[in-house]
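Below, each structure is written out as structure tokens.
Presented sequentially are two complexes of chain A, the first with chain B as partner and the second with chain C.
Coming up: the complex of A and B.
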């Protein structure tokens, strides 16, 4: 029999195991581990529950900040909003296209979720309002007008909006050349405050499975109201928001390295930050997978000697 | 609505969290607690001895 302490220089793979045997019940270990994890999860759920932040909807936004809602809605109508100029996957714009050198994966993937902001956020929802002859006439006038006049009406409305007053919930702007945009925006605000706009944007072309929140989320996220809520909860990118959760719940701690890059230059001020950090994390992840093959790094476990701490009984036995 | 929940948590964590800031680093106290607990579990896994088992010859 070989000495278990000093194995032969070239071990024989076919030779029987010379050392001791230990009984080990894998099924028992699985059941015990599963039971322990379930007990911990149930105990934590009873003690702390889960985040219960009320959802931000177009209805809650348009009621809490009607001027902010209208400011975004009119930019959706004249196609100057962040979403309208975003680029892929929503449209052919270039406002938020990111590149890694000359390569843009975003453009390569193309427009996969087409959004035409004037049609999707304003015109189509307003066409769904039943029995509103004044609104119908305004829509007809707007759609019959040349594009330049449409843009001028919307631009005039946007410019005058900071001076708007709200009388019984209805926006009243100083006299100006707004054309049919003024009654259209007033109707859209009423639609938003009633909750009907949430339903119209959520359903889109799919009336049965209304689970695609892309359009309402993009609309709400453009407003200052939503940004302030996020800032209050420390959820902005500049606040390490990727790691945080609403309320006092722990968040996604494991995203610390992703969050870290957004806080330092050159990523912090780069318009291509997402694409650059995507590539950087890909390279770092690949390096992590390849640690066993990287000279020097693959010696770390041996040099750190943590294994000696784990198997300290064995090494104490062997070394005495 | 929070008030209408029939069974609430024993500890309500829906209030605003405390944050620790150091230079450009900003971290919530709940996240720090989780990190501390992970370190405790890691050190415990290293230091708690294996259960002694009966050995067969």
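Coming up: the complex of A and C.
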């Protein structure tokens, strides 16, 4: 039922609408919208389902790519891995510390999720292996050795690893001065392939309940295997992965602007890209919230004129 | 009594004819107005499917057909929720919907969008599949770089799940309620001045 009053050509946004009204049932609108959305959601769920790629476990990684597993494990032991040199919140390293100008919010926040890679990823899990006198002797020899010798053994092992063969699942390296690192790594690989290392890293050997996957995730994600899987699923940063989903499903497409900055200079090649983009997005988000109060921007819609399409019936009526 | 004053003010500010009117100005006749209510409808489906997923737990949504189906509903409802909200936001931008003292309405809508992104993100890292592993691995660097990672650990499922199912949805619900009440109190913004009226300025 339409009101016979003609709408005003210059309505006052501060005053009540003096023009005609139309009947409108808000509750009916919500109920109809809810029914339509449920129907569309059910249809999409039936037709397309949803992705659920199984997670990578240390067991699946060490079975599928044992050399990759060992390459990471020995750098964790030698404290030269990405995690070992990362910096806050995991340790005091500087390898991944980012700055905004002279300020590092990362360092200011401090080490809150401490990880000591040699102890957490290698030594403590190996100490949990029951029996195994050869492993016990290797651990004793390693821990009794001076740090320089420990580093030398691990560095030699890392260097020779590309030439390793696997005989019945056991890594065999060319003859070299690896000290106790060789049997330690062989035991860690066996532990990884059995699934025991997944549990050891999650619960730390001292707890029953656990929900913090920081240690196993950082370990697994350091491997080339993990990255290759992500690349196959077009999830890398260079593939706009932030807004993608596994398979051909839509992901977090609303993060397109966030993802965009990583594709362009100066962010693309900046060692501080994450920090700079976070700050930039923070400023843009604040501007987005404050659009009504920013001179010029709050006048933009009138200049753009898209409103004439939205209210075309209204303008047709008042302008003729 | 202060409670009486609260009640009287609530009725004064939000009388039933404003809260649930049976009519709207004649210019409210575009499809663009549908996207606000579609956003709310999709949010209802997101919450309902999320409640079922939360009650049954991760094993159910990974290992059973029905659980996977409800998980699919949750995903698609989220996609529709964001699609409708983005169209709604662009529509309101093109209308200059903050005019006439409606700035707070825009602000609550914009903040809702940003908080909803956080709610969705914590959901993505709570899926417990390869996607959540990779997102957590990538996102940690950004969050760590600005110091947030020291307190908001994307690899901690317990922490992320709590943010996803309780904290952020509660904020989104409160923001949507506040946003809708502001819309109902101030009414829908009227059109800009027509071109017939030279020099007219309704700002």
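Here, the second predicted complex is superposed on the first by the 292 of 320 C-alpha atoms of A that agree within 3 Å, B and C clash if a C-alpha of one lies under 4 Å from a C-alpha of the other, contacts with A are read in each partner's own complex, and residues count from 1 in each chain.
By definition in this document, a contact is a pair of C-beta atoms (placed from the backbone, for glycine too) under 8 Å apart; a residue touches a chain by one contact, two chains touch by 3 or more.
All figures in this text were calculated on a predicted structure; none of them were measured in a lab.
**Student:** Quick check on the superposed pair: does A:214 touch chain B, chain C, both, or neither? Answer first, second, both or neither.
**Tutor:** second
**Student:** For A:147, decide between first (touching chain B), second (touching chain C), both and neither.
**Tutor:** Neither partner.
**Student:** Would you sort A:310 into first (chain B), second (chain C), both or neither based on which partner it touches?
**Tutor:** Both: A:310 reaches chain B and chain C.
**Student:** Figure out whether A:21 sits in contact with chain B (first) or chain C (second), or with both, or with neither.
**Tutor:** both
**Student:** Applying the document's definition of touch, where does A:283 land relative to chain B and chain C: first, second, both, or neither?
**Tutor:** Neither: A:283 stays clear of chain B and chain C.
**Student:** So, does A:291 touch the first partner chain B, the second partner chain C, both, or neither?
**Tutor:** The second partner, chain C, only.
**Student:** Residues of chain A touched by chain B versus by chain C: which partner has the larger set?
**Tutor:** Comparing touch counts on chain A for chain B and chain C gives C.
**Student:** Using the touch definition from the top, say if A:49 reaches chain B (first), chain C (second), both or neither.
**Tutor:** A:49: touches chain B and chain C.
**Student:** Looking at A:33 after the superposition, I want to know if it touches chain B, chain C, both of them or none. Which is it: first, second, both, neither?
**Tutor:** In the superposed model, A:33 contacts chain C only, not chain B.
**Student:** Should A:168 be classified as contacting the first partner (chain B), the second (chain C), both, or neither?
**Tutor:** Neither partner.
**Student:** Both chain B and chain C touch chain A; at which residues?
**Tutor:** On chain A, the overlap between the chain B and chain C contacts is residues 20-23, 46, 48-49, 51-54, 233, 245-246, 249-251, 253, 306, 310, 313.
**Student:** Which bits of chain A are touching chain B when the two form their complex?
**Tutor:** Touch residues, chain A against chain B: 20-23, 46-49, 51-54, 232-234, 239-240, 243-251, 253, 263-264, 306, 309-310, 313.
**Student:** Under the touch definition given earlier, write down the residues of chain B that touch chain A in their complex.
**Tutor:** Residues in contact with chain A: 1-2, 5, 8-19, 24-31, 33-35, 38, 46-47, 49-50, 53-57.
**Student:** Could you please specify the touching residues of chain C with respect to chain A in the complex?
**Tutor:** 20-30, 32, 34, 37-38, 40-42, 44-45, 62, 68-69, 71-73, 75-77, 79-80, 82, 86, 91, 93-96, 98-103, 106-107, 110-111, 114, 117, 120-121, 124, 127-138, 141-142, 144-151, 153, 155-159, 161, 187, 189-197, 200, 202-203
**Student:** Which chain A residues qualify as touching chain C in the complex?
**Tutor:** That would be residues 2-3, 7, 9-17, 19-27, 29-30, 33-34, 36-38, 40-42, 44-46, 48-56, 88-89, 96, 98, 100, 105-106, 108-113, 211-214, 217-218, 220-221, 226, 229-230, 233, 235, 237, 241-242, 245-246, 249-255, 272, 274-275, 277-279, 285, 288-293, 298-299, 301-302, 304, 306-307, 310-315, 318-319 of chain A.
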